[in-house]
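Both complexes shown next keep subunit A, but they swap its partner, so subunit B is in the first and subunit C is in the second.
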Partner chain A sequence: MRHAITLRIGPATFRIGSAWSQPIAQLRRLYAAYPDVDGAIADFTVRLQPTSLLRRFLRPSIFITGDHGLADAAPMSLAHGLLAAEMGMNLQMALGWRRHLLLHASSVEKNGRVLVMTGESGSGKSTLAALLGERGWRFMGDEFALLDLQSGAILPFPRLVSLKNQAIGVVADAVGDARMGPLLAATAKGDIRHMMPRADAVARMDQGGMPALLLFPRFGHEAAVRELGQGEIFMRLTQASTNYVTLGEPAFAGLTRFVTAVPARAIDFPSGEAAFAMVDRLWEELA
Partner chain B sequence: MSAALLVRALRDPACVAGLDASGWNGLIAAARAERLIATLAHRLDSAHIPASVRPILTDAKADAAREAQQALWEADRAALALDGLDVRVVLLKGTAYVAGALAAGQGRFIGDLDILVPRDAMPAVEKALIAAGWEWVKEDAYDDAYYRQWMHELPPMIHVDRDRMIDVHHTVLPLTARQTPDAAAMIADAIPMANGLYILSAEDRIVHSVAHMLADGDMQGGLRNLWDIYCLLPDADPAALAARAQRHGLAHHVAQARRLATALYGDGAALTLWDRLVRMRLLARDGWGRETRKALVFAFYVRSHWLRMPPLMLARHLWTKWRKGHRPQ
Partner chain C sequence: MDATPRYRRDSSDAVASCTLDDLVLLYHRRSGQTHMVISPVPEILAQMADGAALSAGDVHDRLARDFDLGPQDEAMVEIAAHLDALVALGLVRRT
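Up next is the complex of A and B:
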């Protein structure tokens, strides 16, 4: 394709091609600190192509696809090209990754031990991971945590952090504008802005750690901590995984080991400060 | 052109030894787009594969193995659902190749379960499948009537628990097509498998695959179909195949498929002008996995409809589909 970049994030390498220069230029700037793998053999190909011949030039419209794609994927405006590229990479992982159990979760690490946070979009797991990454933890990822089925370790997948709506201002205040991407206003998920992880998160993106605590955060509620039964935790994690069924029995065994070994709590929190206090306390008590 | 590279790698696996990173990226993207990645993985000798490609091919082989297992399980479930009917159920395409442990099944991508049953048994088969949990994929009165009146299969059904599709065929080509293969003869000569199911005879497997590729459809996935045919050919006796193709009205198509399979995957063959056009269509894939030669691809799309039904009927059908919002890809 006319414009292209190759990126390595954790164990996965992506070759991203685009009919337009803008998305690639933005990726080049925001992923500048990542390993230089230009021209390497990639695990996945991502394509940002015009939805039709006309839409390359006139009101440009992006169809996101690649090795793995969805025929009915909604077209995106070129103004949101960076988001399209990120979604394209996520799509390849969600549909094509087989080397680890993929959990839709954020993760951070301290002293070689990992805190995993899972929840639906809007639960605050991305924001929490991003902010903990500025407060003494190593940021490992905001979208996918990779569970190694042999060793039981969690491996990092530290792409750009995708922040939505109110979270944008909170995180931009904490990390400064230089580490923030362009504001993508009025996407299908609201306003979105990307944040570059700290240099240590990128430098150590091949180092995993053993999971020590699992949290189910929920932003916007009175502070509360709840215990969950192992059966419920197991079911929620299968729902949070895109390749649990595909990986078959090893996934069942690996997830069983994870659920029985890692203490877990559901936490509700009204603000970032409340969440930090709860995370510190639970990490102290349980991890 | 990476489809050409893919074909070369399948024909002569040792040729990948000289590939650079960009060559490998193109080969992998084309192989994935043509659903031949696991087939390629089985063909290549690990000595020629760079370390960063190895896990990609290992994953592809594992995917294919899982699909084969799933396909056999679906076949088993269908056999159970149709057990009391006293009807011959013939497995078709990928599931049949895996069930018969044929070379064509190695690394084969398998989508839906395709079965062939006698036409007069269709109502009973439909009833039994619905009773066992299969349901219609989309309720659309026009499509449903269209399938039942003109097609060679029931509208697709999906299993409510397992989310897998089944296509129930009663013959090989749409009833409106110009050729009318003898489905009853195919069923009569089918080969029994251990679990009570059947697969087509060595000759009929080829005729069926050829009919699907060259007398129907727009050659989407044609490289994979042609690879199937290439792998199926050694199992058939050439004279018996020619006679069988004649009987099904597909002698020319089978002869063309032999030429193309030999030209692309074998030792080479003399091609006609029409063969060369088909080859150009089959190789319309670039190193990003994109379809190229848009005009030619569209021409084959138009041809697929032309083959399926007479002009006036085609016009009425396309008009109805257009009003319902369908557009060619």
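Up next is the complex of A and C:
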């Protein structure tokens, strides 16, 4: 491809190629603090290519593909090229990663112990992880938590944090504009802006930690804490994993070990402040 | 001719199990599927662990040694239904 960059995020290396220079230039700026792995053999290839030859120039339209592709992935506008690259990396991980059990979850660490937060898109798990990362926790990832099936540790995957709609302003106020990417307006998921993790979180992206608390956050509801049965937790985590079935019995053993060892709660919260107080209290009580 | 269906667990149908609160997870190695079951399914499977071909009545009698099953007719109907469900899942074979 005409333009390319190789990035390592946690244990995974990606080579992203693009027919256009703009998405690669944006990645180069936003991933400047990450290790320089130019020339390394990548685990995954992501390709941003025109939907047709003409569409490289005329109303440029991006088709995301790579080692693993989705047949019905909708083409995106070049203005959203950065998002296309990020989605492409997520897609390769979700469909192709085999070294760890992948949980669709955010994670932060304190004193070597990890808080894992899982939930649907819009649950607030990304925003919460991003903001906790500015409040004394180490940010480990907002999209995937990697469960090591041998040791039981959670490993970081600290990509850029993808923030949507009202979360953008909240986080931009907390971290400052210099750590924010360009505003990608009116994407299929609404407005999106990326946040760069703190440099220390990137520098420590090879250090995992043992999980000490699992939360199922839900933003936009009156404050409440609910206990969950282990069966429900197990079921929700298998649904939150893209490779549980593929990894077979080691995944069964690793996930049941996680569920029986790690205390868990569902938390509803109306605001960030309410969530911080709940997280602090539950961490104190349970972790 | 004996028309009573008999059921058995084959050694190749071995499962890894894990108890979570009041339910039991079974990882079926041959299919790679994880099943979530509740009582009396784990108890029924445990009675069949020796691989013997058993009728629903045999399973009932084995269970009755450890559990109070209530009226035999009702318990038999329930056990037979569970055995057929387990056949459908591939955890038990009908012989």
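Basically, the second predicted complex is superposed on the first by the 287 of 287 C-alpha atoms of A that agree within 3 Å, B and C clash if a C-alpha of one lies under 4 Å from a C-alpha of the other, contacts with A are read in each partner's own complex, and residues count from 1 in each chain.
Here is the rule we go by: a residue touches a chain if its C-beta (ideal position, glycine included) is under 8 Å from a C-beta of that chain, and two chains touch if they have at least 3 such contacts.
In this text the structure is predicted, and so the values were computed from the model without any measurement.
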Message: For A:67, using the defined touch cut-off, is the partner it touches subunit B, subunit C, both, or neither? Pick first, second, both or neither.
response: first
Task: Look at A:248 in the shared chain and tell me whether it touches subunit B only, subunit C only, both, or neither; answer first, second, both or neither.
output: both
- request: Could you look at A:203 and tell me whether it touches subunit B, subunit C, both or neither (first, second, both, neither)?
  value: neither
Task: Determine, under the contact definition given at the top, whether A:43 touches first (subunit B), second (subunit C), both, or neither.
output: first
- request: Determine, under the contact definition given at the top, whether A:1 touches first (subunit B), second (subunit C), both, or neither.
  value: first
- prompt: In the superposed arrangement, does subunit B or subunit C reach more residues of subunit A?
  reply: B
Message: With both complexes superposed on chain A, which partner does A:98 reach: first (subunit B), second (subunit C), both or neither?
response: first
Message: With both complexes superposed on chain A, which partner does A:15 reach: first (subunit B), second (subunit C), both or neither?
response: first
Task: Name the contact category of A:223: first (subunit B only), second (subunit C only), both, or neither.
output: neither
Statement: On subunit A, the footprints of subunit B and subunit C overlap at residues 248
Field: Parts of subunit A lying in touch with subunit B, wherever the complex brings them together
entry: 1, 13, 15, 17, 39-43, 45, 47, 49, 66-67, 96, 98-99, 246, 248
Query: For subunit A, which residues count as touching subunit C in their complex?
result: 229-231, 233-235, 238, 245, 248-249, 252-253, 256, 259-260
- prompt: What residues of subunit C sit close enough to touch subunit A in their complex?
  reply: 16, 18, 20-23, 25, 27, 29, 32, 34, 36
- prompt: What does subunit B use to touch subunit A in their complex?
  reply: 21-22, 24-25, 28-29, 32-33, 50, 52-53, 55-56, 59, 62-63, 66, 288-290
